[in-house]
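Presented sequentially are two complexes of chain A, the first with chain B as partner and the second with chain C.
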Partner chain A sequence: MTETKKARISRVGGDKYLVFDIEDVMSIRRNHGICAVLTGTMPQNPTQNLFLGLPIELRAEEVKLLVDAGAAYVVDELAEHLTAFGKSREEQQKYLDEVKEKRVLAQRAYDEEKERIRLLHIDKVMAAKKNKEKRKKDGEVGEESSLFSEEQQEQEQEVVKKEKPLPGITPTTSENLVAGMSHVDAVVEVPDHPFYPFYKKMNSRGYFTTPGLRFGGDYSVYPGDPFRFHAHYLANAYGWNEEIPMLDLVTSGRLGTAVKKSFLFGSEQPAPTPEDEGDVRMFCVEWAGM
Partner chain B sequence: MCNDGQQRSMKEEGTGGRGSRASESQLSHTTQHHNQNITITMAFTQPLDALAKIVLDNLEYQHDWTEVYIHTQSNLTRPLIYGLPPKRLYIHPDEQVETIKAEKDRNDRIPQEPENEWVLPLHLSEKWTPAQFAAVFDAIKPHPPSSDVVQETDNIPWMAWRGSKRGKRILLATVQDDSTVTYYWLHDGLVKPRQN
Partner chain C sequence: MPFDDDNDNPTLTPSFPSSSTSSPSADPLLQPDEDEDEDEDDDAPSHNFLLFKKQPNISAQTIRKGEKDFESHGTLLQSSALEASRNAMQEVLSYSRVHASSGATVKGWYFPDRWKDYVESKDPEGKSWGHFRDRVVILDGSNTSTQNLGRAVVGQKKGTPGRGKDWLLPEDALYLVERGSMELWWPRGGLETVFPGGEEPKEGEEDEYAKGVPVSLQGAYALLIGGEGERGKISLRRFQVYSNLKRCGYLVVRAPPRTIEEKMLEEGRRGLWEWLSSTVAGWTERKPAAFGPLVKPGLYRSYAQIYRQMALIPRHKPLSVEKREEMKDPFGIHYIVWKSAHKWSKLRQPPPDFYLSVVDAQETMVPQLGEISGLIAATPPAGPKPEWTGPGRIYARLKHGHRNALIAVVDHGVINYMRFAEAAFGEENVTARFDYRKRVGGPKHGGWRGGKEVMAICQLEQIYNYVI
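Right after this comes the complex of A and B.
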C-alpha cells in the first residue's frame, strides 16, 4: 500500500491533536502503528461515552512521530478556519453549491430507499387496491368518503409536483471548505515531548501503545494491534537522571504481575556527542515469585 | 573508615566507562576477602554493608539460598549479592516453549536446575535513576562468578537461555525497616512477561 496523501491533524485549543478523516485514521493505524483514542460522541447525546467515534485524539509524541516521518501535517484549526472564511465571494458560493449538491445527493438516496421499499411491498399494495375496488363495487364505501379520498390523492400529487425543500444536512467534515488550501499559513510545528524518544523506540519495534491508566502506567504496550493482542507491558518513561522512588518500582511491578504484564520503564541515554542520537535503555520489572 | 579508599573508588568509577572492556576486566572479586583488599572494600559506606547483610541473611535463612556471597567491584557503587536459589527462579517464556517441545520429543521431563542469580540490595527509601540501573547492568556479566560449570551448547534450542547467553537480569531486593524484603526481577532490555 503506497500512501502519498499526508494525514491532516488539527490542533484544537493549543494542545489537542485531532484527526477527523477516516482515511487518515486507517492509514495511521495500518502504516504507523498508532491507534490513538476515539473521542467523538453524538451531538444529540453527548453524555454517552461507551461507543465513541471520530475524531481520534493523538498524543503529542504520536503527532511528532508522524510529522517527523513525513506522514502528516498539523494545522491550527482556528487559524485555518478564519483564513477559510475570509475567502472570496466566488469561493464562498462554491462552498455553498457543494453543500447544496450534498443535500441533493441526500434527497436522492432517500428517494431511492423509499422506492426500494415500495417495490418490496408492491404485492401488498396491489392486493389492497384490488380489495378496495372490490369493496367499491359492492357499494360498501360511501360516495362522500370516495370523493374525499380522490381529493386527497390530488392534493398529494400536487405536493409532489411542487419543489420539495431539500433535506438539511450536518456537514461532518470541513473538507470542501478547506480543500485546495495550501495550509502553509496554518501549519504549526510540534513541540518536543519528554517521552518522545521512548515512544519512538517502542513504535519502531512494532509495539502499539495506548494510554496506560487502565493498567497503572504512562502507556499500555501491545505487541501488535490491540484488536489482536493483549498488552505485554505497562510502561513509564523517565528522564535519564530522574529519581524513581523504590516504592514506585515495587508497586508497578506488583501491579503489572497482577495483570500478567511486565512493568517496563525506559529512558533516553544522552548521546556521547551532540550529533549522535541517544540510545533508549529499557528495563523490565516482574515479581520474582519469592 | 578509610577515606582515601573511597576517593580511589570514585576515581575508578569515573574512568570505567559504560560497556568498556576495561571496566569488565577490573572485576575485583573480593568475596570473603574484605580484610585483604581493604583499600577497595572500605570504599563502601557502613549502611550499605549492613543493607547487603540483611538481604544476604534473608536469602539464606528465609529463602534457603546456598553459596550466597557479597560481591564488590570497583565500578559498582554498592555491594551486590549472588547465590544459588533452591529452585530455578526464572524461565524465559520462549525457553519454556522450547523446553515443552523438547520434553514432548524425548517423552521425558527436562530437569530445571537452579541457576546462580545476581541480587541488588536496596532500601525502600531510596530513589534510583535509570542511569544508575544502567551502570549496574553495564558493570556485571550475565552470569555471576560461580564455581559450577554451566554447560554451553549452541545447537540445543532449549539451552539457549542458560549460562553466559542468558539476558542480564538482577533481583531487586527492597528492604523495609520492619525487615520485609521484597524481590522483583529487573531485566536489562525488553523481556516479554511470563504467563504467571
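Right after this comes the complex of A and C.
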C-alpha cells in the first residue's frame, strides 16, 4: 500500500468533528481502531434507525489521536466552503466536471437497471403481445386501434426520454471543490481533552470505543471492531487526584454487571516533566458472587 | 490473546500501528473474492456506477451477519467475517445520492440573509409560529418528502422574486439533502437570478451551472450546522435528534419562542379562578395544633376523617393554570413533536403530543429542581386520560403525571430519550378506598371489621394522650 492520504476531519458548529469521505472512514477504522458513530440518514433506506449513514461523528480525543499520529487534519469546513463557493466558475470547474461525470454514470446505472428489469419481464411482455395478436386474428374489433396507439405511445416516450435532462447528484464530499486550497490555512488546532491519555492507552491496546451513553459510562469498550464483538467494559476516566466516591464504584460496578460488562476506570499519573507522557493506570471492578 | 504467535499478519493483532504499510486486504487468504474485485477495478466506471444503484434490501443484517464473538481468537474465519462486514459497510456507504430526472427535481437554494431582519409578530389567524428569521433555503419544486416542510412568507409584493415559494429551516433542508430528496444549490447571484419573473427559459445543458453550484452533503453540513441558538443554523445535536425522530416517522417542528405563547396564557387566565380558590383552600385548611395528639380522641365512623387530620405536609397540587416559570438553559423546549397523524397541517397544528428538550450528555448535569420545573411549566397541562379511573389504574395515572416534557440526551450521535412528568401523589386519595371496602365488607373481600379498627386507633391515641 502506498502512503495513505490523510483523513479530512470537518469541524462544524464550533466543536463537532465529522468525517464524510468513506475512504477516510474505512482507513481510520482499519488502521487506527476508531469506529466512531454513524449519524446520518441513509439515502437508500431513510426510514430506519438501525444502521445509519455518513457522516461519522468523532470525539475530540479521537480527533486528537488521529492528528497526533499524522493520519488526519482538521478543517474549519464552513470557512473553507464559503471561500470555495465564492470563487469563479473556472476555479470550480473540476468539481462541476466531477458532478457532471457522476450524473452520466448515474444515468447509465439507471438505464441498465431499467433494461435488466425489461429483460426480466420480456417473456411476459412477449406472451401478452402474442395473446393480443392471436385475439386480433380471431377478429375482435377495437383491439387493432388500441394496439396501434400503444406503439405510438412507446415511440413518443422514447423521444421524450432523449430530451430528458440527466439526473441530479448530491456528492457526499466537496473534495474537488476545496481541493488545492491551502489546507494549512484552514487547519484547526485540536484542544486538549482531559480524557485523552486514558483514551489513547485503550486505543493503543487495540480496544475500540463507542459513546458510553448506551450502557451508562463515559465509554463502552470493545475488544475489537464492534461489528464482531460485544462490549466488555463500561469505562470511566478520572483525574489522578480526583477522589472517587465509594458509591460510584458500587453503582457503576452494579450497573456494569447488569449489562454483562465489567466496570473499568482509570487515570493518568501526571508526568514529572511536561515532555514526558504520564503513566495511565486502569482498574477493573467485577461483582464477586460470594 | 490466544494464538498470538502469528504476529506477522497485521489483521490478527489487535493493535493499529499508524505506520502500517499493509492493509488487511493485502492478504489473499482473507479475501477469497480478491480476483473478482480486481476485475472490477480494471473496469473502473462499471464499478463506479454500481454506486448509484439503490439497493432496496439493505438492512443492519447486510452489514453484521451472524452472532458476535466474545473476543478475538485469531482465526481466519473471524477475520474474514469482520472483513466481510467492513466491505459491506463500505459498499453501502459509498452510494451517491441521485435525484431522478423524471418529473421536476426538487431544488433548494441557500439564501442565508434573506429574512435576517424579518420581524415576526403573533399571527392573528392562529397560525403556528414561523421562525422566518431562521429560514435560509428557498424550496423549488416539491415531492412527498417536502410536503409538510417549509413556510411561505406572506405579505411580499407582487413581482418579488421567489414570491409564494416555501422557505425551509436549516434542519429541514439538511434532512432533505441527507435522505436524497432535495438538491441544495449555492446561488451565484441574488434571488432574482434564480427566480426571474415571467416564463422561465428552458434550461439548456450549458446554462445549468450559471445560476449556481450544487452543494455536497459535506457542504450542506458546513453551511447549515452551527452553534446552539445561532440564527439560520441548527446545532449538530439538535439536528441529530430531529432527524432521528423524522426517520421514525414523527412530525417534528421547532418550538415557538417562549415569549409569544399568549394563547396559552389566555387559557391560563380562565383557570385563574381555579388557582385562586386553590390557594384559599390552602389557607382555610385546619392547621394541626403545635402539641397534643395528631388525631383528636373521639369516635370515628370513617377513615377519611382520621387521615384528614394526619395530613401534615402540604401536598403538591397540579394546576391547569400557566405558571410562568422561567426556563433555564440548556433545559428549554426546543422541539414539539406529533405522532404521525392524518389531520395535521403545517399552518394549523393540533396540540402537540410531546415537548422535547435537547441536551448534551457530557456537558449537562442532572437538572436542578428549578430547571426541571421551569421546563415542565412550559408545557400545557396534560393530565391522565379520562378513562383511567379507579384504583386499578393508579400507577398509570401517577406515571403519566399532569404535565410532562421529554429530554433527549445526546452523546456524540447516540441519543437517549427521557420523560420527566409532574406527578401528583396528593391527588390519589387511597384512604377513601378503606371506607369503601368497609361498606362492601365481608370476609370474602378480605375486609376486616372496619368499625372495630377505628376504635382501636382511638384507643391508641388515648393511651398516647395519657403518656404525655
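Criterion: the second predicted complex is superposed on the first by the 249 of 290 C-alpha atoms of A that agree within 3 Å, B and C clash if a C-alpha of one lies under 4 Å from a C-alpha of the other, contacts with A are read in each partner's own complex, and residues count from 1 in each chain.
Methods note: a residue touches a chain if its C-beta (ideal position, glycine included) is under 8 Å from a C-beta of that chain, and two chains touch if they have at least 3 such contacts.
Keep in mind the model is a prediction, meaning the values are calculated, not measured.
J.: Should chain B and chain C be called a clash or a fit once both complexes are overlaid on chain A?
T.: fit
J.: Please work out whether A:204 is in contact with chain B alone, chain C alone, both, or neither, and reply first, second, both or neither.
T.: Once the two structures are laid over each other on A, A:204 reaches chain C alone.
J.: Contact-wise, after the overlay, does A:49 reach chain B, chain C, both or neither (first, second, both, neither)?
T.: Second partner only.
J.: Between chain B and chain C, point out the one touching more chain A residues.
T.: If we count touched residues of chain A for both partners, the winner is C.
J.: With both complexes superposed on chain A, which partner does A:242 reach: first (chain B), second (chain C), both or neither?
T.: First partner only, chain B.
J.: Does the superposition put A:256 against chain B (first), chain C (second), both, or neither?
T.: The first partner, chain B, only.
J.: Using the superposed model, determine the angle chain B, chain A, chain C defined by their C-alpha centres, to the nearest 10 degrees.
T.: 80
J.: Considering only touches as defined above, state whether A:99 meets chain B (first), chain C (second), both or neither.
T.: second
J.: Contacts for A:265 in the overlay, against chain B (first) and chain C (second): which applies, first, second, both or neither?
T.: Only chain B; A:265 stays clear of chain C.
J.: Classify the contacts of A:287 with the two partner chains as first (chain B alone), second (chain C alone), both, or neither.
T.: After superposing on A, A:287 lies in contact with chain B but is clear of chain C.
J.: Please work out how little space separates the C-alpha atoms of chain B and chain C at their nearest point after superposition, in whole Å.
T.: It comes out at 11 Å between the closest C-alpha atoms.
J.: Starting from the residues of chain A touching chain B, keep only those that also touch chain C in the other complex, and list them.
T.: 205, 223, 232
J.: What residues of chain B sit close enough to touch chain A in their complex?
T.: 63, 85, 89-90, 122-131, 133-134, 171-172, 174, 182-196
J.: Show me the residue ranges of chain A that touch chain B in the complex, using the header's touch definition.
T.: By the definition above, chain A touches chain B via 205, 223, 232-233, 238-247, 249-250, 253, 256-257, 260-262, 264-267, 269, 281-290.
J.: State the interface residues of chain C toward chain A in the complex, per the touch definition above.
T.: Counting only chain C, the residues touching chain A are 13-18, 20-24, 26, 45, 48-50, 52-56, 58-60, 62-64, 68-72, 78, 81-82, 85-86, 89-90, 92-102, 105, 107, 175, 177-180, 183-184, 186, 188, 203, 205, 209-210, 213-223, 225-227, 233, 235-236, 240, 243-244, 247-249, 361, 409, 411-416.
J.: Which stretch or stretches of chain A touch chain C in the complex?
T.: Residues in contact with chain C: 1, 10, 12-14, 16, 18, 20, 22, 25-26, 29-33, 36-51, 53-59, 69-71, 77-78, 80-81, 85, 89, 92, 95-96, 99, 102, 105-110, 112-113, 164-174, 177, 203-207, 210-214, 223-225, 227-230, 232.
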